[in-house]
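This is the structure I want to talk about, given as structure tokens.
Letters A, B and C mark the chains as written, and numbering starts fresh at 1 in each.
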Amino acid sequence: MTSVPDTDAAGRVLSADGTPLKQSLNRALRRQKLRALALIAPLLIFVLVSFVAPILDMLFRSVENQLISDNLPQTVVILEDWDPNSGELPSEAVFEAFAGDLQIAISKKVHTRIGSRLNYEKPGISSLFRKAGRQVKKWDIPNDGPYKEKFADLNKGFADIEVWRTIKTYSGAYTNGYFLNSIDMQKGADGAEARPENEQIYITLFIRTLIMSLAITSLCILLGYPVAWILANLPSRTANLLMILVLLPFWTSLLVRTSAWKVMLQDQGVVNEVLVWIGLVADDSRLALINNQTGTIIAMTHILLPFMILPLYSVMQTISPTYLRAAKSLGATDWTAFWRVYFPQSIPGIGAGSILVFILSIGYYITPELVGGTKGVFISNRIAFHILSSLNWGLAAALGTILLVVVMALYWAYDKIVGIDNVKLG
Amino acid sequence: MADSDQGGAFVEFDRVQKSYDGENLVVKDLNLSLPKGEFLTMLGPSGSGKTTCLMMLAGFETATNGDIRLDGQPINNIPPHKRGIGMVFQNYALFPHMTVAENLSFPLEVRKMGKSEREAKVKHVLELVQMGEFGGRRPSQLSGGQQQRIALARALVFEAELVLMDEPLGALDKQLRETMQFEIKRIADDLGITVVYVTHDQTEALTMSDRVAVFEDGRIQQLAPPDELYESPQNSFVAQFIGENNTLEGTVKEIKNGIALVQLDGGGLIDCKPVNVTKAGERTRVSIRPERVEFDKTRLHADAHTLKAEVLEFIYMGDIFRTRLRVAGQDDFIIKSRNAPDQVRLEPGSEIEIGWLAEDCRALDA
Amino acid sequence: MTFTRTLLATSALVAVGGTAFADGHMASDMTLVSWGGAYQNSQQKAYVEPYIAMNEGVTAVWDESSAEAVAKLRAMNEAGNITWDLVDVVAADAIRLCDEGLAMEINPDEDLADAPDGTKASVDFGDLIVSDCFIPQIVYSTTMGYRTDLVGDTAPTSVCAVFDTEAYPGKRSLEKRPINNMEWALICDGVAKDDVYSVLETAEGQERALAKLDTIKDDVIWWSAGADTPQLLADGEVVMGSTYNGRFFSLIEEQKQPVAMLWDAQVFDLDGWIIPAGLPADRLARVKDFVKFATDTQRLADQSKYISYGPARLSSAPLVGKHADLGIDMAPHMPTDPANATNTFLYNYEFWADYRDDIDAKFQAWLAK
């Protein structure tokens, strides 16, 4: 019996049957890896389909602009030679190509979609294309030109240089227009420029969303910490019972909750009535607690509080009461024992709760819409508007992408400052 | 000690009672006093009230009735952080978010001690527990024994005169536990501190203590130095609890010349030392240590009573032999004999006669 | 490869089957999309129940998704799986869906029933067919109501009272969108009714409307759900506010709140059906059959028994009767009733289709300031 394994000519260690040991090890491991992969495959596929794919789709939509180049192919090519700053309309060749492209688009019923797409950039184009559709399909192309006049007769909009500038600006298959729009800019005659002040809204909303989400998170910490502490220090039977109360907001429908907030917070609501009755507030200067930022902060804190309490509670449960006793036996007052010994150990719970609450609140839109009035709405409300109502999904995707990037940047900053391994759900 | 008018008592429990629910007493009428520098162990099964006593002394529980005095001053109403008592907890309770040095520095910081003084003391105490290198580590990076040393150091660093230890070695393996027993004892003796030590491990109690208080049912059953406890248990609980023990039940036939003659229930007469029995006719439980049983007739008094026994089992345990016998109808009678060159190995199935010195057989309460 | 071939074969079979079924075979299940609440209930009572009574074995399921119908239809279309058969939407959404190719174009004279006197559907509905895909159902209006006990001695008679915070102090509620509010602002700023949209087309006109709204900005609670204003009025949170006329009807006539409504400058809007583009033949046949029935003269008139919205057919107007539960004569509560329609506005679909996104951006920016 020798303790030195056999080796081959190249000096590789061999296994008992003469194959190189590395190779048989790899073979053995590969089988394990394959089995592991097969086990996680359903989850992996689920995550890819339901999470990664939509995000990639969103990223793609935020720059995608193929509708125009696909459906006005000849126009777009010829339009390249036209200088929008020349002060003149494009040449007859462009109009003839446009007539041809448009006729095909009409037969495919996509001309109104092109109109809607361009209408996001310049109001009026939507009806221009819709109305043109009814006439242009009757034209005999290329025999009844010249088309420049024919289009001008059809609608004076086609004789507007700005319309053609818009078509040219958005003729590429990809555009940064949605992103520019998302940060209150637009594609002007000379590249990117700021939007007129009376149309600037997104930057304000992004900042407001971040500040208010931070406020909500802080409030959740302040309110949730003592509650979690009490829960963690009660006998588990009582704690479980009280936990139901903490989770109660999840069980009530949004409409019931909204009505409840209104009953509580409005001018003639319970809170104001009580304050007036005990004389803290004059009858003619009741507090505005709803339909503003206060309303959003109160309502969102109420909804999101459990997301703070639960991780805090489960982290606090793991902190043995012996630590506090030890601190006291070492001479620390109650406060010092809490602040130097207990609190630092509960920070992972605060971290986990804060990340949950902050990320959830950044994406909330229904509650701010219902109780936020005008000053208490978030960026997500605009995203929802563009998804549900204006159908400007490209802009919604760009706004969503920026939000995603902001969240990831904050996450990165959190990791740098606090450390992400210092986050615990229990 | 001379300055104390409590007769040298440094720590004193005076008729202390404790109840959690207002119906049952966990601690019943506890009286205990220990002088400065004593190493006292509270020993008892779980639920016997020993930990409650320790917690009352530390200030985490309040006595329902009675006084606890420290250096002559009643401390019932002094909060724990003002008592200046060092404490070592069962699972060490080292603060996981602090390094070893920070842990040790903590009690000094809360006493508003200057930085350089703190560092010097921390360094000193680390050396005391032979952990000088480990100041920068986190508790989680230490082994159980190392954590134990740090916990001990932390209870010592602020120079407490009284240190409480709540089963501090419970989480260690046997070998490490034995090392630490000596270590703790050494340090306590070197520093001259008073230690109240709680454990349910009798070996630990016997090895380390100046005196041992055996707790059961909320009372101290016996308070005595280890040797006295082992050799002269005052009642059958202590006899059972401390060390291995054979018990036989019977009735006192007569007491004469300080020797009680006991008629065993399973048949046979034996000589005993009357401890808790005073007159003939009383029921008693007699206790004989396995190593004090003799089966070599030449080593007994000629007129000593003996019992017939049947060897059931012989176990070779290295340093000793352990033999199980059937005696007076009971088949759990154990004898231990030293593995000496001339020692007899009893054959299972053989019939022998056993006996003992009357003073080794204690007739206790039934 | 085999798998793909099998799949192709199967789909071919399905396709063949589909065309075979098309001759007369109709699906027996329909998924109808509406707004929920009292309005959907009126559709159930007036259209669906009689239809099912006539066609045994047919079932109809409601999906209360009209508010998100445009987005959901687009998503379904992209996924290639249309699960809805008939969708109730406001006219503006119908235009958008039609533009996006998500709704099917219809031929009114072929797909819809003639009036009892033989008038063609295209004539009977008239101008209300505002899109090639739109099947009008009701005329409703957005109008103003007020608390009778909070407006003092002189009750408001004009929509401009909403801008008069001196005569009528207190909060007012307006919808959180530019539509209607911009028109009212211009009218009350002195623009003639016929010029409103040409003024609103210009940047200056939009500024002017927002400037007028700015005078009451601090007094406005902005609503986004139709139930908000009735609730705010009932709670005394606002002295006046805008909402749909049907909401006022139930607030005043059913709940007997101290509220009165104005018909002045009411803005007419339309609600109706669209059929999603790309339905399979059997489902399309079923839904066409249903729509023809549900939009005939009698059925549209029947709906007004349950809710105070006007039927979209001219020929239905004389058939409007009494409320099914309250027994009130419904004709005077119709926005289209001649007595109510002395000063009305018809929502300009073409204009808002073009300018909605642009003006909305400005409106939201103004709100956020």
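Keep in mind that, in the parts below, a residue touches a chain if its C-beta (ideal position, glycine included) is under 8 Å from a C-beta of that chain, and two chains touch if they have at least 3 such contacts.
All of these numbers come straight from a predicted model, not from anything done at the bench.
In terms of which chains touch, the assembly is arranged as an unbranched chain of neighbours. The greater number of contacting C-beta pairs, out of the two interfaces A-C and A-B, is seen for A-C. Subunit B and subunit C have Cα centroids lying 88 Å from one another.
Distance from the subunit A centre to the subunit C centre is 30 Å, each centre being the mean of its Cα atoms.
Distance between subunit A and subunit B, defined via averaged C-alpha coordinates, is recorded as 66 Å.
Within subunit A, contacts with two or more other chains are made by no residue at all. By the touch rule above, subunit B contacts subunit A in their complex via residues 58-60, 79-87, 89-91, 93, 95-97, 106-107, 110-111, 154-155, 158, 164. On the side of subunit A, the complex with subunit C involves touching residues 109-110, 112-113, 115-116, 119-120, 123-127, 130, 198-201, 204-205, 208, 262, 266-268, 291, 369-370, 373-375, 377, 382, 385, 387-393. Within the complex formed with subunit A, the residues of subunit C that make contact are 67-68, 70-71, 74, 96, 98-101, 171, 176, 207, 210, 221-222, 224-225, 231, 235-237, 350, 353-362, 364-368.
Interface residues of subunit A facing subunit B in the complex, by the touch rule stated above, are 320, 322-323, 325-334, 336-337, 340-341, 344-345.
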